[in-house]
Amino acid sequence: MTLEWIFYFAAAIAFVASVKVVTGENAIHALLYLVVSLLAVAMCFYLLGAPFAAGLEVIVYAGAILVLFVFAVMMFDLQGDRQPAVFQQSWSATWLGPVALTFTLAILLTYILLNGTFDKGIEPGIVGAKQVGIALYGPYLLAVEIASFLLLAGLIAGYHFAKYSTQGEHR
Amino acid sequence: MIVEQFIAIAPQLLLSLAIVMQLLLIAFKRSQHSIAFFTVSAILLALFAHYPAMTNVNLAVTPLLYVDVFSLTINVLILSCSLVAVWVSYGYLRSAVECHDEYYVLLLLAVLGANILVLSNHFAAIFLGFELLSLSLVGMIGYLHLREHTLEAGFKYLILSATASSIMLLGMAFVYGATGDMSLAYQVPQQQDLQLLGQAGLVLIMVGFCFKLSLVPFHTWTPDVYQGAPMPVTLMLATVSKAAMFAIFVKFWLVSAIFNQDSMQFLLVCIAIASMLVGNLLALTQQNIKRLLAYSSIAHMGYLIIVLAIQSQQSVAWALKSGVFYILVYIIATLVIMIYLSGRSKAHAITDNDDWRGWQGLIWQRPLQGSCLILALLSLAGIPLTAGFIGKFYLFTVAIENQLWGAISALIIGSGIALYYYLSIIFCILAKPLETTSQTPIDKVGNFTVSHATVMGMLTVIIVALGLFPDILASQLIFQSEQVTIIFNEASQRF
Amino acid sequence: MIDIAITHVFLISALLFCVGFIGVLARRNTLFMLMSLEVMLNAVGLAFVGAGSLWQQADGQIMFILILTLAAAEVAIGLALLIRMQHQRHNVDVDGLSKLRG
Amino acid sequence: MTALTLLPFFPLFSFLVLIVLSKRLSWHIATAVALTGIGLSFIASIVVIQSLNVSASSGEGLTQSLWTWFMLGEHEVRFAFYVDQLTAVMIAVVSGVGFLIHGFAAAYMRDDENYSRFMAYMNLFICAMLLLVLAENLVLLYLGWEGVGLCSFLLIGFWYKDPDNAIAARKAFIVTRIGDTLLALGLFYLFMETNTLNIQEILAQQQTSPLSDEAAWWIALLLLGGAVGKSAQLPLHTWLPDAMAGPTPVSALIHAATMVTAGVYLIARMQGVYLLAPEILNLVAWVGCLTLLIAGIAALAQEDIKRVLAYSTMSQIGYMMLGLGAGANVAAVTHLMTHAFFKALLFLGAGAIILAVHHQQNIFKMGGLLKRMPLISILFLIGIAALIAFPGTSGFVSKEAIIAELWQSKTAGPVFWWLAVVGAFITSVYSFRLVFITFFGPYRAEHELLPQRHGLIVLPLVILALLALGGGYIPTHLEQVFSAPVASQHGPAWLHTVAIIAPLLGIGVAYLLYFPKTESSPAVPGTSSVYRFSHNGLGFDSTYNALVVKPFVWLANINRKDVIDLLVQLISWNTFTWHSAMKAAQSGRLRWYAATLGLGTALLLLGVIL
Amino acid sequence: MIFTNIIAVLMVSAFIALLVGKRFARTLPYIAAIGVLISFALLAHFASNHHDLFHQAMPLVSVPWISSLGIEYATFIDSLSFILVALTLILALVCILVSVSEISQYQNFYYFNLLAALAGIVGVFAAADLFLFFFFWEVMLLPMTALIAIWGHENRRYAAIKFFIFTQVSSLLMLVAIIVMAFIYQQQFGDISFNYFDWQQLNIAMPLQYWLMLGFFVAFAVKLPSFPFHTWLPDAHTQAPTAGSVLLAGVLLKTGAYGLMRFVLPLFEQAATHFAPVAIALGVISIVYGAVMAFAQTDFKRLVAYSSISHMGFITLALFSFSPIAYHGAIVTLVAHGLSSAALFAMAGMLYQRLHTRDLKKMGGLFASAPRMGGMLLAFVAGAFGMPGLLNFVGEFMTLTGTFTHHPIATAFAATAMIGSAIYGMYLFQQSFQGKPQENVKIPDLRAHEWLLCSLLFGLLLYLGLFPQALLMHFDSIYPSVADAQLIGGKL
């Protein structure tokens, strides 16, 4: 019984943390909240019977990607706190529109989810790393290759964009 | 992976090999000309690799990809468009001082992404193809630092395509949650009792596709990105990404027999009508040719997806044929105009030369180029003597066969509105030439080589030839509907 | 290993998705936009893993892995663009980027 | 019968010669060509009349068909001529009087620079009139009818440099054109009923399968509409006084002798149809009667010599219409003939006078001409005598014949008789007012008379004077064409005497009112409002302008921008407003684009749920 | 093969003019004239030794074109298309004569467009396959719009766009109707076909037939400017170069009437009879409306444009009154209006070359300095308002006689147009040639080629006016002139 409680508790933490991320003033605080949210989600993965995914989430997502984030923010001073005065708009102007739109979207999704599915419970069972590995290099072999090209594209584009900004303008 | 499967996806393998070789080439010797030459030869090789691939068609290569005649035709189209893109960007970038070789890598990556997208038969492949295409296009859009709009266009495209792809992923998750399998063909058996969750998932996936095809509710990014991007990238955006997206949309729509659900059918027709009207309306008083082509592409994609709103199984073959013919004609016409524009603008200029009022009296100074442009515009407008008319005529037959009266009236009103801005450009070209004012006249700018003119001429000849004798091509595009049905039954026995 | 209804997992991921979407819509600081994108992708990852465990298949987790690679690539490009923006425009206000209109 | 075939085409050939070589012909050659054209047609008509009297004693005429014009279903409309006694009279009058008038015109228009163009139009007019009269079927008649209208437009507007002439010409043409349209409608109705437009076949059909009453009623009315338009009768008469803007020989030829009588000829020719519609015959009588009264009153108040004669023509044609309405066809046609003679005489005399007093047309500005131009004045007086039906003149023969038959005719009655006599009285009053003012009293013109004794001026006048006197007795055998007159003479005895006394009474009254008693007292035009009212044609002109012309012009002008065009512009304006609305949506802000993305997804989800 | 040859000859001479005209621009009119004369000779030769073409339709060539949809390049000839093609070629000569002195720049492209438009029009009259008909229907628009847009007067761009969009959108409606008919044919007879002769055996349910008929009728009502769709004509005419408006008024309007005669009446009989009252009303309104509007205009060409709207109203009246006489009257009016309006526009062109204005207010009293031109204008105006002896009268008279039997009131209103046409005809003649000359402007009288042009047209009008049988004798056999046949139309 307690496992379900832990799952819901972790989900709540993730939710609150991501709300703090979105509404945060300071970039670094927001990033740290993001890490907390990712860890909470990793806990959910584990509880859902996907230990490998949980491990990946912690190591790759929280560990590598967000660290890259923090590194970039620190290195290139992307704080954005020295923004021009125009930035401070009234609360309603910035938030009312998006919240209203997203609220309707959320209502629609919940309506769909609530009466759209047969309530088939997740039978307890763990999909271990071994099973994932077999599937990864079995039918999904090509997916891995293409994912690598995806990363290559990200690498080259990132390199090209950032290349010039450090050495000043290059005619 | 047995040998036939390797042969089936030989072109894609060659492309991947080419990308890796490119990286080695860059490491070895950074010269603009060699990298361009290498890219061209790689694409040509991939094109020729299609010939053996044609022999063992209808083959599932790992559950992710499925090779059939339809996809191979579209891939040939995509590769030829990218060939033109590479050759045009070579001319475009050559004038820049420093060496642009990452550009060609990104270009090949985009082409690879498009090919995978066309061949995909599984959500994972669709997602990967979609993302590979999008990210490499972001890289190319933001390529020229010096431009003022590059950053803005790149950012917009990145953020919006990321949002769209996450919506699509959410949809895929819902569908996976509802049906338990992510391959396209598998959807058919579960189709009938797909509850609301599955349908919602399908709709969310459609959002991703509509975003890339720039159909109405999701079209807002198109004009800004077309204008911000360098000219060859706009050409890629308008041709390669549209063709790939159309192919996967057709497979997604027909293979998983979504047309049986009339609610999805109704949504599709609404989107089509909206994009026909909004696309044409937006373009009415547009001075910038790139933005105008963006808006007209919204309208043309609106015309195109009428092909999908079919009522019955046996009209699939004719719908496919009309769809492919129409997109081919649309791409040729856009290519002609964009080749001319690329020829006329340079990489290191502040902006591309894209104000069509500068074309005044072009036909009297450069008769050949002027008439090519006029014929291309006429083809876009759907006037006889050009292939555009035959394409539109095929669309009319499909729409009437499936009694889509709303779509037909929107088509008529839309092409009525479209005539206004196409004609105003044509009349501008035919008007008296301006006395040479201070800025250099249009036909002296950029490095418009003879090869540009010859390719434009060839494409225009194709337009007129297809306009007068559509049978020379139309008879080849016979995708018997059984090919599509083969996807149905074969793929469902798993691999 | 816990048996809760799949709808709950989807509900949570949908909510997280909406929070991320609010972030994209509302925040004018581009950095926060990228972070909100990460939240949205993370939410979808949760949905996929949930669905995977529902059907006891590895596909869900494989899709999660692919989403990871996408997130990584996207962040790389996003941050590179952000750096250039900071360098060229000395601010990261997204509304400054609205010259292309009409 | 080559004479008959070529009869109308002689003037046509001379017209062509004159038009093509217009500038290069001297006066002499041009006059020769014109006169030979008309002369030949006159001789041809004499020949035709001889052969008519010799061959066809039983009443049916000669036909001569040239070629098939076009097919109306099975009915073949041919270019063909038909001559019987009625046509004989008409072609004689047209070519004879026409020839004399051409002679006069040659002298009158001698010093005009495009003289040959004038003679060409006159010849074309004669040709059109002959075609009208000789036509075997109503379509050819319609051709002549329109041709005559066009030539009157050309001739009235001959001195086109002065805008008033042009406007008068256009007014004449349009008013007659209204009549022509009514005539055309009559033809269509006739063709619908009888399936043929050949006049003789129609008249023959009336014996075998007569038209239904309603059809006959409508056809007769429409034909009357056409006749009224062309012969300047009551509703459509306003164009005739303004038509005096043309040269005097034109007025003489067109507005006295030939064109205005076309309407009378038409009704006379289609008597077979009219007999089936007695109410319409009564209407014709009423039209004639009212016109003759109104024209008489208006003539009393005119200063211009030609306008007096114009109104008198209108009233004399009123008599003819009255005669036709009363069934006295023979009398009406003879009156037509005699009227042609003495009215042509009066107009040419007026022309001679105008020439003499330096183109002055206002009778109050001349006077005492009897002493200065005795010969022309005497001839003019003969004409006036014929006009007021002074016993012994041709006018007396034909007018009395009409008045005599009025009393007991079924479609007219004693009322018409009394009105006719009052009309005769008014006629003599205004004609002798004209005589006393112009020929007696002091000579009021500024400068001396122009002496001109050109032969061509006087000779036609003399011949016409003779015809005016003796014209009534020319044998016309018209009774063969028309059915026998209705009843014998058995009205009250005093009818005849009153009819004779009325004109003489008129002379006396005119003498009292208008004779310039003393040498010094100049006759002065009246100034009372009644005088002015009758001066400008009893107010018909102003009412027509207010009722018809002004609204039409106003309607046309307000719609110059073509209201449907505004509708089209409305559509394009609507499209462009949608365009600018959409363009606003492309605001360029990334967050707004993301919002549209979200909105689109929400809409699609909503679509799926519903 | 005759029509294909004519189209080929015209297109060949068009391309020769385009290529060779760059250097020796002076030879261009002669090249064009030779092309037209050759095709005229071909036509005359064909007609002389194929007399039976006047009795029933003669299918000529038929070559498969788009086999997947059963579309083939099929042409045919019968007396209606023969006469209209002959009229086109005559007016082509007029156009060439008129444009000799008027066009100064880009002459080779001008003559190319002129000849291409002619080829398109001949194609329209020849097509037996509905898709080919539609193809030529659109093809003839392109050169016409180019003529207006490049060589037109001040705001030619607006007029060209309006002309093109009006016709294009309405012809798309026709395209939909054509395709629906093809599918119906497929349902009833198996394979799909667009051939006109095959479609004659179709019988379509009433409500659908009504809509199909409407689709065709709208396209032809826009081309033959019937009342609500006429607003493009005045603009197109005022802005078009003289040859352009001669071609536009002389022939392009006839394609609309040809369409009605060929497709609307025979193919959709019940629908046409149901629609007849509306069409008659439209015809009458356009007659009266055209006359009233013509009177209000101060621009020479705009006045003549509105007058041709009024004249073409007679055609709709004649065709939808279903009487044989009216049908013949319509054919005669077609030819007559073609010649007289072409002549009037040629005169307008000559005046524009001399006075550089089309505004009637600025003209006046020109008769003094140009009597021959004045005479000619009066002759053509007389023709226009139906002076007997000229061809228009015969057409008008037969039309009104025919329609009177079934629609007396409508004919009465239509007859008012005779007054209306007289009013604006005289207004046109007097405003320009009579009254006081404006500060004694002296204009040269007709030159040689203008004199040839005017006499050619007036001679034709007069000769046909007096002997219209030369025109109509071909029609008797085709046309069962049974007096009360319910629906006639050119039943082939």
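Order as written gives the chain letters A, B, C, D and E; numbering starts at 1 within each chain.
Throughout what follows, a contact is a pair of C-beta atoms (placed from the backbone, for glycine too) under 8 Å apart; a residue touches a chain by one contact, two chains touch by 3 or more.
If you want to know which protein each chain is, UniProt gives these names: B = NADH-quinone oxidoreductase subunit N; C = NADH-quinone oxidoreductase subunit K; E = NADH-quinone oxidoreductase subunit M.
Everything numeric in this text was worked out from a predicted model, so none of it was measured.
Chemist: Which chains lie in contact with each of subunit C and subunit D?
Modeler: The shared contacts of subunit C and subunit D, listed by label, come to A, B.
Chemist: Determine the set of chains touching subunit A that also touch subunit D.
Modeler: B, C
Chemist: When you average C-alpha coordinates per chain, which one falls nearest the overall C-alpha average? Tell me, please.
Modeler: If we average C-alpha coordinates per chain, E lands closest to the whole-structure average.
Chemist: Taking each chain's centre as the mean of its CA atoms, which one is farthest from the centre of subunit D?
Modeler: Following the centroid criterion, the farthest chain would be A.
Chemist: Given the two chain pairs A-C and D-E, which is bridged by the higher number of C-beta pairs in contact?
Modeler: Ranking A-C and D-E by C-beta contacts puts A-C first.
Chemist: Quick one: report the Å distance separating subunit A from subunit B, using the average Cα coordinate of each chain.
Modeler: About 31 Å separates the centre of subunit A from that of subunit B.
Chemist: How far is the middle of subunit B from the middle of subunit D, if each middle is the mean of its Cα atoms, in Å?
Modeler: Between these chains, centre-to-centre, one finds 79 Å.
Chemist: Between subunit A and subunit E, what's the gap in Å when you average each chain's C-alpha atoms?
Modeler: One centre to the other, that is 71 Å.
Chemist: How big is the gap, in whole Å, between where the Cα atoms of subunit B centre and where those of subunit C centre?
Modeler: 27
Chemist: Can you list the subunit D residues in contact with two or more other chains?
Modeler: Within subunit D, residues 583, 586, 588, 590-591, 594-595, 598-599, 601, 605, 608-609 contact more than one other chain.
Chemist: Residues of subunit E that contact two or more other chains, please.
Modeler: none
Chemist: Of all residues in subunit C, which are in touch with two or more distinct other chains?
Modeler: Those would be 6, 10, 14, 17, 20-21, 24-26, 28, 30, 50, 52, 54, 57, 59-60, 62, 66, 70, 73-74, 77, 81, 84, 88, 94, 97-102.
Chemist: Show me, using the given definition of touch, all chain pairs that touch one another.
Modeler: Result for touching pairs of chains: A-B, A-C, A-D, B-C, B-D, B-E, C-D, D-E.
Chemist: Given the complex with subunit D, which residues does subunit A contribute to the contact?
Modeler: It comes out as residues 97-98, 101-102, 104-105, 108-109, 111-112.
Chemist: Quick check on the complex: what are the subunit D residues that touch subunit B?
Modeler: 575-576, 578-579, 582-583, 585-586, 588, 590, 592-594, 596-597, 599-601, 603-605, 607-609
Chemist: Write out the stretch or stretches of subunit D touching subunit E in their complex.
Modeler: 19, 22, 67-74, 79, 114, 117, 139, 142-143, 146-147, 150, 153, 157, 160-161, 163, 166, 170, 173-174, 177-178, 180-181, 184-185, 187-189, 191-192, 552-553, 555-557, 559-560, 562, 564-565, 567-568
Chemist: Show me the residue ranges of subunit E that touch subunit D in the complex, using the header's touch definition.
Modeler: Residues 162, 227-228, 230-231, 234, 292-293, 295-297, 324-325, 328, 332, 365, 367-368, 371, 375, 382, 387-389, 393-394, 397-398, 400-401, 404-405, 408, 411-412, 415-416, 418-419, 422-423, 426-427, 430, 433-437, 466-469, 472, 476, 481, 483 of subunit E touch subunit D in their complex.
Chemist: In their complex, what parts of subunit D are in touch with subunit C?
Modeler: Residues 583, 586-591, 594-595, 598.
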